[in-house]
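Have a look at this one.
Chain nomenclature is as follows: A, B, C and D, assigned in order of appearance, with residue numbering initiated at 1 for each chain independently.
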Amino acid sequence: MAKTLTQEFTKGLWEEIAPFRLVLGLCPVLGVTTTIENGIGMGLATTFVLVFSNILIASLRNIIPSKVRIACFIIIIATFVVVTELLMQAFAYTLFLKLGVFIPLIVVNCIVLGRAEAFASKNDLLPSIADGLGIGIGFTLSLAALGAVRELFGANNLTIWTTPNSVIGIQEVFGTNFEPFTFMVQAPGAFVCLGLMLCLMNLMGSK
Amino acid sequence: MRDLLIMVVVLTVLSAFSGGLLSGLRNATAARIEVQQLKFVKGPAIKKILQGVSNDPIADRFSLKDGDMVRKFFVGKFDGKANTVVLESSGKGYGGDVGLMVAVNMDDDTIVGAGVTTHSETPGLGAMAKDNPAFVSQFKGLPIAEMFKVTNDGGKVNAMSGATITSRAVCAAATQTGSIYQKLKPQLSEKLKEFNK
Amino acid sequence: MLSLSAVLFMLALGATCGAVLSAASKIFYVYEDPRVGIVEGYTAGANCGGCGYAGCAAAAVAVVAGEAPPSVCIVAGPEATANIAGVMGLDPGTAESLLSYNTCTGGDRAAEKYVYMGIKSCQALATLHGGQRFCPVGCLGFGDCVKACAFDAIKIGAHGYPVVNEMKCVGCGACEKVCPKDIMEIKTMSQRLLHLNQYDDRIAPCQQTCPAEIDIPKYVYQTKIGDYEGAVNTIRERNPLMLACGRVCPHPCEDKCRRGIEDEPVSINQLKRFVADYEMNSGKRLPISVAPSTGKKIAVVGGGPAGLSCAYFLRRLGHDVTIFDAMPKLGGMIRYGIPEYRLPKDVLAWEIDGILNLGVEHKPNVALGRDFDIGALIASGYDAVFLGIGAWKDYTLGVEGENLQGCYTGINFLTNFAVWQQERPHEQRPFIGKKCVVIGGGNTAIDCVRTLVRLGADEVTIVYRRTRKEMPANEVEIVAAEHEGINFTFLAAPTQVIGDEAGNVTQLEYLKMELGEPDASGRRRPVPIEGSETVIDTDMLITAIGQGPDVFFKDESKRLDEDLKLTRWNTIDSEDEIALQSSIPYIFSGGDAATGADLVVSAIGAGRRAARSIHFYLANEDITPPSKTLFRNNIPVSIFESVSGITQLPRTKMPELPVDERIKSFVEADLVITEDEALYESSRCLECCLICYNKDVA
Amino acid sequence: MGYMEIIIGGIFVNNILLAQFLGNCPFLGTSKKMETAVGMAMAVVFVLVLAGVITWVLYAFFLVPYKLVYMRTIAFILVIASLVQFVEMFLKKSIPALYAGLGIFLPLITTNCAVFGACILNVDKELNFMKTLVQSFAYAVGFGLALILFAGVRERIILARVPKPLQDTSIGLVTAGILSLTFYAFKGMI
């Protein structure tokens, strides 16, 4: 049964929301989610790569020989990752500095390659775009959610976007007397926090 | 065999295409990226040492050749007059090079301000050099021609307690800045004149 | 402006990588199962490791090896699963649906002996104590399988054992993985059909004893809960001739029935007959599943119980089978040796039709060695041959006068009569004497005498050289014969057959015997009493003292004569009596042809074992049975001296036709029990497995 | 930076799995069984060192001289992917015994962020050849150590009564967090 474009899009938002349902692409999920801003930025960067590599793969899928398709997908994805790197440096340099090594790592994010192989290489252009967009936004939301929890408890802030002059978001959410739970923004907190959120998802899913 | 050939050709063409695309994009964005890098890496330091400046020093910049190296200089205008030049150099610290930005007033060859740009020192000690304005403000008003040394070594600069090596690195960087300034001074004043036109 | 160096660099890099890999794939080419590559192609290729395997290639290897389900890839969707299943469908067995079974039916359950820090998990107990119950193999009952099942298909049933809901089970194998005792089994139909009883299986004494290895406790339980169709299916996994067996089987299983230790054993065979008749009388046939075709052809020579069983199992395993039989109709000895009153031939025909309906071909009236030889079978494309030619050659007494007119041999007499009765009843009936003497104490002898009674012989006598206790015939048969007025002359060894001038038999002379020391078989050896010669008048003498395979076909072919090894009893020799492969690798044998005259149910079991060997032989796999295979033996710990807590409940009596009614005709003498009786009898079953916990062992 | 520092830093302080968050997918995927974990760990040591060296050569002799540093992402992934595939084919044919142990883990490493990330980190730090070699090895050993420790813990978790929603990956992540916390104790070593 063919799904409508809307369904292709929305499935990525909850049904197949990548980091939680499939437990894939965890490195950036854990690595960059110290603030909401980083989460959103990383998510959008990944979405960008997802959508454009899906577009290219869906249009080239009949030309690429199946034996080297993975290699070709990797080249295509890597190209868009470098594009993202360059564009981020040009237009969102602070974010680029914060995300650091995780931007090139989009190349090896299994979600991207997984979608390329499992979806874009078998579907037409439009569904592939919808799929890429859906999965990407789902990924972004996951990162933002995790970032929100970690930033809230770990730094007592909720930063949505930083411009050179101002910060959009709420600072000192619990007031100045709150001693931030720094564990949360550090490495161990990332694991524990994701584990507990996964547990929450399971609880909700089981109902 | 045909299969293999097609595989190689497809791979090659695809990577060549990607190379083309990327180099094109790179060329298109290179200028902007440079500005961004300067703005975010050097920008804060420059802004701090050039307080009260009337222009955008990042935009008003020029390069000069110093032997094999190309050095970047930023121009500061005070009261509409371009009389200050910012230059950078580095000294060897505890965990790598410590970068130092020094602004020099070309009218009287004195230091207008100094700021640490990059460092990889131990957090809390050496890193104070960047965060601690008291340390770098010691340089303010000193003549650039001086040899900068910490008090322990018989100089005037008070070292940050517990971070002597970093302090020395900053001093060394400042001294080096002086020598570069002296060497390139004629060209620098030429350039400044252009900005005053 | 494009930077030339970038383009050139990527061009060179792409070309180098491509060229190196292409070259390497040629230079370092290693053969692998082509399905691995195809399956890997269907996985997402993301190498994410989310499936628990190290990358897509590893997952593909696992799928091809049958260790992972087609749904292994968590990134690729259901479409990929379908494709992978499609690829694997080429292999019979793995494309069949997998279902979970609880193989432990338990027995006397006990409370946990230890509770370790509150841990209530089978895995924990198995790890910490190696299983704290006495039973080395049984279910621990803490339901790790229930917890492991993501489909909510397993529940701990009323008896404390896992019960699988087949509707919900998807065969994912989670329960099998988590069970520390290998109790949860995920098997395809083929895997179940191929399984041989093992020493570490959780099987009750009856199932251990049954030569066909039928899961008796399961079908008795299914009968008890009224699931007669389930019971039929359970029996059919091991025995395609349940109507026949339900009537003629001497049920060795009942001898080992644990209830029999303190009470009378459960009447297992009557229950089998009840459910088998239930299916036949229900007016429909239960569907029998068959694995996807393998394209292999097997010739089954001989359409008796061994041949039919072998053909049935081979067909269900997906092979093409042709049965070559010397007689006009299939059934072999159970058609032409067992009289109508014991096994009505329309019942047999119904049962055999069920086997042929699976797609088994039948070529009647062709005898090996007379009409075709094995070379011709191989030449016409058969990949393997099963010899189930039975044991149709009677032994002779070796005394003077044996060939006089009026002297017959047992099989000869029964077959002639059966052929007349079934094929040409309008022709003249074979000769029947007035005063008949049958020599022998086996089932053939009893069949002869009971047939003779029905044909109107005035006086029928059995002459047997030992006592009634030693008679090898089924007890029920002997009893029935006694009821039907047969004379028994025990401890009599024939010495001479006396005839008149016309060459007709008139008298049998025998020597009286007395019992001496026990012989190798444990029976007391009869010793002749000097000078005790006695004569008995007769006009028809039937010798039924045993039979062996008729291997005349061997003389017809040089290859067979040289290479096909026989034992000294003329049975077909096989190195391994479970694998049943003859000295010629593609020839297998089973049933009476391999063992000498034996039970129908043994032949059925042998047919399945041979089918298993042929299946593996054709797949180029090892046919050697697993080292723990249980054969003609019992699991020592499962054989008890006593059983406690049994309330005596009488065993259901077999309904029979009244004697005066039955000796007049060949109408079936033994009747089927009623449904109420079946429910009662099945509830007598102790549902024993191995005992879980011996209260006497600390 | 001395070699000792690099080694201790790579294995403990900046453990690639628990402090840098690289290579987490296989970390959770292959840690369910000790056997798999050991195989994976060995394969990562093997490939990471090899990839570290090759990418360094590529970087130092091609990317930097031709001013193509911005293309390192695409160049590295292409080279690593090809390398892994080549090694796999080579082992399969030439050293089947080694292939039997490591082979199946190799493809998994193509898209292992630990390998790729470590290569990027190496060139970012502008290490020289020998230091790259040592650093790669240290990262790989750190990866293996964390993976094997984690697998050991996970095998034991089977014995614990974990509430249903927390089971499997969820408890795995929490456990990884605690393991990461223990590695935090190494922070003071450098």
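Assume a residue touches a chain if its C-beta (ideal position, glycine included) is under 8 Å from a C-beta of that chain, and two chains touch if they have at least 3 such contacts.
Predicted model only: the values in this text are computed from it and were never measured.
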{"item": "Chain whose mean Cα position lies farthest from chain A", "value": "C"}
{"item": "A-D or C-D - the one linked by more C-beta pairs in contact", "value": "A-D"}
{"item": "Chain centroid nearest the full-protein CA centroid", "value": "D"}
{"item": "Rounded Å distance between chain C and chain D, as computed from the means of their C-alpha atoms", "value": "55"}
{"item": "Cα-centroid distance, chain A relative to chain D, in whole angstrom", "value": "22"}
{"item": "Whole-Å gap separating chain B and chain C, where each centre is the average of the chain's CA atoms", "value": "89"}
{"item": "CA centroid of chain A to CA centroid of chain C, Å", "value": "59"}
{"item": "Residue list for chain A, restricted to those that touch at least two other chains", "value": "23-24, 68, 70-71, 75, 78-79, 82, 86, 110, 113"}
{"item": "Chain D: positions in contact with at least two other chains", "value": "25, 28, 70-71, 74, 78, 81-82, 110-112, 164"}
{"item": "Sites on chain C at which at least two other chains make contact", "value": "5-6, 9-10, 13-14, 17-18, 21, 25, 46-48, 50"}
{"item": "Overall pattern in which the protein chains touch one another (line/ring/star/complete/other)", "value": "complete"}
{"item": "Sites on chain B touched by chain D in the complex", "value": "15, 18-19, 22-23, 26"}
{"item": "Sites on chain A touched by chain C in the complex", "value": "22-24, 66, 68-71, 73, 75, 110-111, 113-114, 117-118, 122"}
{"item": "In the complex, chain A residues that touch chain B", "value": "63-65, 67-68, 71-72, 75-76, 78-79, 82-83, 86-87, 89-91, 93-94, 97, 164"}
{"item": "Residues on chain C engaged by chain B in the complex (per definition of touch)", "value": "1-3, 5-11, 13-15, 17-19, 22, 25-26"}
{"item": "Touch list for chain B against partner chain C, complex", "value": "4, 7-9, 11-16, 18-20, 22-24, 26-27"}
